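What follows is a pair of complexes built around subunit A, which joins subunit B in one and subunit C in the other.
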Partner chain A sequence: MSIPALILFFAVIVLPFITGVIYSFTSWRGTYFAGGEGVLDSFVGFDNYINAFKNEKFLNAFGYTIKFTVVAVVAINIVALGLAMMITSLKRGGGIFRTIFFLPNLLGGLALGFIWQFIFQNVFSEVLFGANGLIHIPFLTNMLQDNTKALFALVILVTWQMAGYMMIIYITGLNNIPQDLYEAAQIDGASSFQQFRVITIPMLMPAITIVFFLTLANCFKLLDQNIALTDGNFNTRLLATQILRTTRDTAPPDYGLAQAQAVIFFVLIAAVTLIQLSLTKRREVELH
Partner chain B sequence: MRKMLKVFSVCLVAVMLSAMLSGCGNMMSTGYDLYIFNGKGESAQALKDAAEAYSRETGKKVKTFSLGSGTSSIDTLRAEMNSKNMPTIFSIVNIQELKEWEEGGFVMDLTTAPDGAFKQLADEIPENMRLTSNGTNSYGIPYNVEGYGYIVDTRMVDALFGNGASQTFVTDAKNATYAEFVSLVTAVDSYIKSGTVATVTLGGKPYTFQSAKTDLSSKLTGVFAVAGSEKWTYGDHLVNVALNAVFDNPADAAAATDGQISALKGPLRAYARVLDMKTSYAAGRDGKVSRGADFINTTTANYDSAVQIFAESKALFIKQGNWAYTNIQKFNGEIVKTLEFIPVKLPLEDGDVVSDVKTADKLNRSISVYVPNYYAINAKATDEQKQAAMDFLVWLNTSESGQKFVTEDMAFVPYNADHTNIITDNSLSNSIIRYMKEGDVLSNPYGGAPVGWSGDTLGLEIMEKYLTKSEWTADDYNAIADYGIAKWKEMK
Partner chain C sequence: MRKRLFRVLIFIVLTVLAVITLSPVGFLVINSFKSQSEIVASPIALPTEWNSGYVLTAAEQINFFGSLAITFIITLLSVVLIVLASSLAGWMIARAKNRLASVMLYMFTAAMLIPFQAVMYPLLSLFEGVGLKNIPGLIIMYGGFGLSLSVFLYHGFVKSIPASIEEAALIDGAGMLKTFFSVVFPLMKSTTATVVILNALWIWNDYLLPFLVIGNAPARTLTLELYFAKMTSGQFGNPWELIFPAVFVSIIPIIIVFLILQKHIVRGISDGAVKG
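Up next is the complex of A and B:
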């Protein structure tokens, strides 16, 4: 029964992946192997990897991606958990809010990016926070024209987009916490912050594991929104954009270099998410 | 239920496997004699029509493939080149793009073509229009030529300087010095602001403003329509004019020595001064706009907005090419009938120009005219396919019916036409043809600069650091020139 699935998995995931790793050690140019007839002739060892780490644009993108991911993961989790706690505490209308907050998740990244580009450049910069706007907040104007501001613009966008989905996971987690724990804590005189810290957070650990995993991986891999908002201008390339653009930065197009960057990218995401999974899993508590 | 699922999954795998196998298997019959991969989406329909007409005349079946206009088709082309059914004719934009096809052995050197009509066609491509990596080989038949400069509406000239002024204005503005041109710009600016009537000299002849503004001239809000968020307008095209002071064609630029790159200092400084001047007198929707954050806003300072500002007669000039014709027409069907090109002038001295064939004066009366796209023949195709490709290109570029498609359906300025008797419906094409006839044309050396140097590096630097800055100083001009030179050397 599982053989067809295995064949499919092998054909569309494993094979291309292995091919990709092999190509990252060659001077593949997209349509031919430079310096020889076949793969073996154009084998360049670790040159592509060394060049990737010598590439200023790649290193920039690397740092920027990490900064962005840290800020975005924190922001998404705070907002998602806040929304989830708000909705679970509602007596009525929770379903409507849940739907509304979930909706942005259904939009595609590129379309969303262009909508937000308009919002940042016109609504934020002129109508709301501009010199003649509602309240003048210089930080929120022309956010796409500055390296740091653009990072926060991207965080605002992805928080708006992903928080709804993560909220659903948190709501499920919150609903699974037995109410008697809170009642017992109240009788013992615990403040609401203490209840949050010693009951909600530990009991929510399974949900936190999943949400952290999803947000970490998605933020690392972010591409469409980055291209739509700034297209990498002002040094705002994220890693995925950098890999995509490598073939445009070089002539003949250096697909080997791009592929090496992609392999580094894969190792990085795998390492970070595996470490995160083992760290958060260890803190999950089992109810007996 | 489980059984159905099982049957379904087996079917799915069978379909996928057969799709994979058929992809690898050799397809004996392709159903066509010639496959053309066209990189210029704008001419998709016209090329298809031409191919059909060719089929009717010769009985040969031609398949054409184009992506939508404005989309880069290079990734699709690479995928096609990896498949069994490679295109026989494909397009190459410039010598940067040529590199991969030349190195991979995909492109046929046209100088090795067998004697005949095609060989003659290839041999007759003017020297400066060849797609060549070393000066002797030649890899493409030009699609057409395109040109750019300051586009001006001659009716606006009449509105400013009185009826009939436009008859001599275009020639005089062409011959004007940079200083004369700048005084025209500042005079127009104060005329817009306060109606100051002044007399300016162009090419030695005086032009006096009309004392009262007309309906048309009162629409002006600035001198230039500028698209601050489009790096290619100042990164690629404007900088190209300066590169012409040192390089005569893309191959020249691709083979640049460090000495030649350093010689760009003067021209690039002149380029920065022109850009400063241009962006200091920019027209907006409701008035003059100045450099700042809004100047590079991608939603309001883009190509379409700039074209619209010019088409609505709010700016006297827009630096664009004849490709903008249909975009201008979209906003204002009247204005397109009376457009003309004026050269982009640089404050160059003869010492800045190191090219053997040009002088500062020559640069300032010429517009950039170059081949934006080439038809290349796939060297890996069979001899039979190559012959079919050559026959088609000969038909398209020399036969009367082929040329009709080029000039009318594709609305191209043909690269090889006898320019003395070509008159098109397109005012900008006619203007280009006039410049070609007079021999006052510049090449496109920016196409030979390191990939990404002009737009994505120098253009980006200017957009990020300078178009948001209100005042530029001589230090800024120097910094721009030094940055361009340093990056070229680094990226070479």
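Up next is the complex of A and C:
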């Protein structure tokens, strides 16, 4: 009964993954193997990995991805939790807000990226924050032409897009907290902040684990928005874009090098996700 | 009294944030009816005259109905494939009490850590080798990528329902497949809804996989049409009078579906997250 699933799984994931790891040790060129007839003749040991770590574009994308992910994960979580707490505190009207904040999730990263490219270039740079705009904030103008500003532009875009999704998970978590805990705390004279720290956060840990997992994974693997917004110009490539573009940077296309970068990418994601899961899970256990 | 004031304040803050959230979509709509020069000169003003010509031109340029049909078929068949394969597998893994089953569950779960980039080049080269660098191949690929999370969700659900119902059917002489489709599958309705929603949303909007598999072949998905519309004309500055209406028409179908199925989608997402 599980045979269809197993066949799909092996054909689409297991086999390509193993092949990919093997090819990362060869001078694979996509359609042929340089230096010989087949795979066996073109083994180059760790050369691709060494070259990846010597490749300035890859190193830059590596650092940029980590910086972006840290800022974006924090921003998305704060906004999502803030929205969720505000919405659950309302007696009525929460549903319509939930719908509105979720809406950006329906749209693909590419379409959104195109709209935001226009917003950053024309609306932010001129109408709102330009020299003759509403309030002059130089940092918010021409955000797509500068490496650091573009990072924050990308953070604004993904926060706008993903916060609504994470908000829904937080709302479910908040609604699962028994109200009598808060009532008891109020009788004991706990302030709102104390209630937030000793009741909301601990009781919300399962939701926090999931939201961190999802935002970390989504931000690390971000591609569409990166391509639509800056297309990796001004050294703004994220790792996913870098791996995709490596075969275009090199002639003949160096698929071996791209594959080595992809394996490093996998190790990075697997390590970070597993560490995050074990850390937040441990907090969950400690707090219960 | 103070509590009430506080609620009013929160309501106001949320309203402001809602306006900010909707404003990019608002820009999109108003600018879909303006000429290039009007868009650039006054980006946030309402159009001086609502000219639907740009929308029609864009719809034609991105072959709207053709690419909508292709996107729909790809999404539908991929989701059907994912649901069938993963519900059967999830059921079997949950019911079989052997080592193989737990190894399989472990494998499916671990595969969630593999980013697409780690498999994409070998996957394309393998599929090209067997003549599947085309739409059927694309559907099979989605089937594979959608499996992990879906098997996991179905497995979690099956574990929570007693096996006695299916055992009764089996004793009555119904075969495995018949038992599954007449007894088990109908019980899985809520999980199936979650699996359909999570996968459909992602596949519908996906850019990279169709780009790599279909590329600039004539039959393209909506997202691909959008990409090529921007890229081919992008060398002469951004043709906003084409991009805005093109994005606009391409998001109409999904917004309509969302407004109809809203409740299910929201529940699907929270269920998917909580059980995942």
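Please note the rule applied: the second predicted complex is superposed on the first by the 284 of 288 C-alpha atoms of A that agree within 3 Å, B and C clash if a C-alpha of one lies under 4 Å from a C-alpha of the other, contacts with A are read in each partner's own complex, and residues count from 1 in each chain.
The rule we apply is simple: a residue touches a chain if its C-beta (ideal position, glycine included) is under 8 Å from a C-beta of that chain, and two chains touch if they have at least 3 such contacts.
Note that the structure is a prediction, hence the values are computed from the model and not measured.
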First, second, both or neither for A:Gly108, with subunit B first and subunit C second: second
Would you check which partner chain A:Phe266 touches, where first means subunit B only, second means subunit C only, and both and neither mean what they say? second
Taking the superposition as given, does A:Gln145 touch the first partner, subunit B, the second, subunit C, both, or neither? first
Contact breadth on subunit A, by residue count: subunit C or subunit B: C
Look at A:Phe234 in the shared chain and tell me whether it touches subunit B only, subunit C only, both, or neither; answer first, second, both or neither. first
May I ask you to decide whether A:Pro4 touches subunit B, subunit C, both, or neither, giving the answer as first, second, both or neither? both
Between subunit B and subunit C, whom does A:Phe118 touch in the aligned arrangement: first, second, both, or neither? both
Thinking of the overlay built on chain A, is A:Ile135 touched by subunit B (first), by subunit C (second), by both, or by neither? neither
If we overlay the two complexes on their shared chain A, which of subunit B and subunit C does A:Tyr32 touch? Say first, second, both or neither. first
Which subunit A residues lie in the overlap of the subunit B contact set and the subunit C contact set? 1, 4-5, 8, 11, 30-31, 117-118, 122
Give every residue of subunit B touching subunit A within the complex, in rising order. 6, 9-10, 12-13, 16, 20, 78, 81-82, 96-97, 99-100, 103-106, 293-294, 296-300, 451-452, 456, 460, 463-464, 468
Using the touch rule from the top, collect the residues of subunit C that touch subunit A in their complex. 7, 10-11, 13-14, 17-18, 21-22, 24-25, 27-28, 31, 39-40, 43-44, 81, 84-86, 88-89, 91-93, 104, 107-108, 111, 113-123, 125-126, 140-141, 143-145, 147, 151, 176-177, 180, 201, 204-208, 223, 226-227, 230, 238, 240, 243-244, 247, 250-251, 254-255, 258, 262, 266, 269-270, 273-274, 276
Tell me, which parts of subunit A touch subunit B in their complex? 1, 4-5, 7-8, 11, 29-32, 34, 117-118, 121-122, 125, 141-142, 144-145, 233-234, 248-253
List the residues on subunit A that touch subunit C in their complex, please. 1-2, 4-6, 8-9, 11-17, 19-20, 23, 30-31, 83, 86-87, 89-91, 93, 97-112, 114-119, 122-123, 126-127, 160, 164-165, 168-169, 171-172, 206-207, 210-211, 214, 220-221, 223-224, 227, 239-240, 243-244, 247, 255, 258-259, 262-263, 265-266, 269-270, 273-274
